[in-house]
């Protein structure tokens, strides 16, 4: 099915390649909310919920993988709704706070949840996901994002990001858009979590905390949110770089933090400043 | 048993209140949430640790020293991170993101430097002395915590309500443009508020470090979860709300630990937070958080 | 007496201790160009914010075509047929002029999520007609040459006209313009007067805030005057111009008195 060289390459760099795909999906999850001018930091938490939901299904209940994937999207989407619905009418601070809090509290819950392995996490997760699943999903998601960007919805999203109140005056239903973006973000992050769990065979309660949440933000900001390609590029760079330049590996988090600070202050459009057009069809 | 639970609840509630006070004050006056705030908590504890360890300071001197140094650090951080954004009138989103990135940066630098090993105050500082009063056990550090918190809350209330400086701070919180037109030195107030809130966060860190006698770079992060809950339940920017919400959280946590499960204790704050968002987003006293850019 | 399109009743709003608008009542007739004037800080923009739903009133009510709008968010009011521009231009700066106008046509672009994702024929058709419609509007305000330029890069006067185009794209019954001539040079102002005349010829009702008295007197059928948040006068341009209270509000009591004695 796959060419021989690709097979070889995948075998050698398997885990790196998988992380590239998973992180690119997470960056897209971050992009959806940033694209409507919201800062939700629940992507790591949603990823964790997706990972735990799917892994519990496959490991403990022997559920088929596609069912586990559906659950990995539905569970975090529901959680996003519970947190998002009340906060999205308020100033953006509330959403940021609630989503950071979510990650912390989930960590505590996993730690104390014996059925989910407690502090030891879940082991022996079947390797059901792979190159095709991960990158197939990534491509489908990217195409969907591009299509949505070049439409009435994409225009409304950019309008919200540029000037929320003015977008409302144009007739854009602000809470509906923001909530839909948050729920979509949660579903994508959950799916990424499920893939990650089903290629790495192990998940633990501490994998989805604050560090991971901020790292995902750094992907999106480094790439820039002018188009969905920016965050994906950011994820690829920040995932591959520490592998290529080994000494950077120990300072990975320092670099992620520094990137966010510098990009916000000095380079608000990221390294891919190109902005996607918003019109889907002309003559 | 219940009395002891309630006492413990009030004690931890006092620290939550102290911690959240600086956090909410910063939002109330500066209009931004500075997510590096948890870092001040860790920083305060480490400075006190070093002051007692290497400078052989007694704890009553190390506490204000650590608080003051943390306050100065808070001024620098605010100026470096939020100063440029304030001048550029950048959106709220940018200030959240920049302080978030800085938090990761600062924590990971701190961890690289100090490692995640748990450190302890020298035995001379922490003698773990305790009293029994009417069958209730209370440690020296707990008495120190409550006394310090009461002192600081009182002093802050006096400063804000009774002094000209406090009037200027409140004016700036109410209406920044008008306050500046009336001659309030906005830059000075911003630095003052950064200092006060940094010092409050640092002091809370020292006290918690003393209470558990365990100091570690990421201790501020766990505290942030409580801080978030307290400032939202109390109402963003509401000082009185923060004090009361802090005590409420402390009490509810200790009752939960005593009667439900101690593992669920840390989830109480978040549950309160989500319930508040759904049913009373303006917080306990209904002060509406100003939506500012 | 023609039918009323918008009526504002006893509208009041307080910001902390400041009463920015107190008990303001006026009606805008269908097809009219209605002026809302007053000195700086009189509460004109605040009135716009209350009517469009960007700020919630303390008391009073706003009615459009007989239906109360109170409590409705901005986007629902837009759906009911009102549109506005802003005193301090609020362009979607990164979007092209054409995209800005298409964003303004949000409610009039029938594209379902499914048709967008699968690039159905209905989506393409809707998108093409949205482009054509937006180009027509740009043409109408005289910006068709600038269609592909970034909104934020346009000249100041052009940005003001683009805001009008964006508001027109929702096909409103009531168009509210907040100081449309501010910062325009004389020739641009002449163009704007012509544009407003053509809007009215299309049957649109306009509510207009403007400081340029020449402009207001020339265009408006009826004028409401605010001062310190309260209505101090209303009537045809000639009446308002002759009203001593209005003169006093604009020129200050002293000047007004000296004008009176000279007359």
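For clarity, chains are labelled A, B and C in written order, and residue numbers in each chain start from 1.
Note that a contact is a pair of C-beta atoms (placed from the backbone, for glycine too) under 8 Å apart; a residue touches a chain by one contact, two chains touch by 3 or more.
What you see is a predicted model, and the numbers here were worked out from it, not measured in a lab.
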Chain located farthest away, centre of chain A as origin (C-alpha): C
Chain pair whose interface holds the most contacting C-beta pairs: A-B
Central chain of the complex, centres being mean CA coordinates: A
Distance from the mean Cα position of chain B to that of chain A, given in whole angstrom: 31
Whole-Å gap separating chain A and chain C, where each centre is the average of the chain's CA atoms: 41
Cα-centroid distance, chain B relative to chain C, in whole angstrom: 47
Of all residues in chain C, those that touch chain A in their complex: 52-54, 73-75, 78-79, 83-84, 86, 90, 92-95, 98-99, 102-104, 106-107, 109, 111, 113, 116-117, 119, 123-124, 126-128, 130-131, 166, 170
List of chain A residues in touch with chain B within their complex: 37-39, 41, 82-83, 85-87, 89-94, 96-98, 100-102, 104-105, 108-109, 111-112, 210-211, 214-215, 217-218, 221, 250-251, 253-254, 256-261, 264-265, 268
Contact set on chain A toward chain C in their complex: 144, 147-148, 151-153, 155-156, 158-159, 162-163, 165-174, 226, 275, 277-283
Touch list for chain B against partner chain A, complex: 27, 33, 35, 81, 84-85, 91-94, 96-98, 100-109, 112, 221-222, 224-225, 228-229, 231-232, 236, 261, 263-264, 266-267, 269-270, 273-274, 277-278, 281, 289, 291
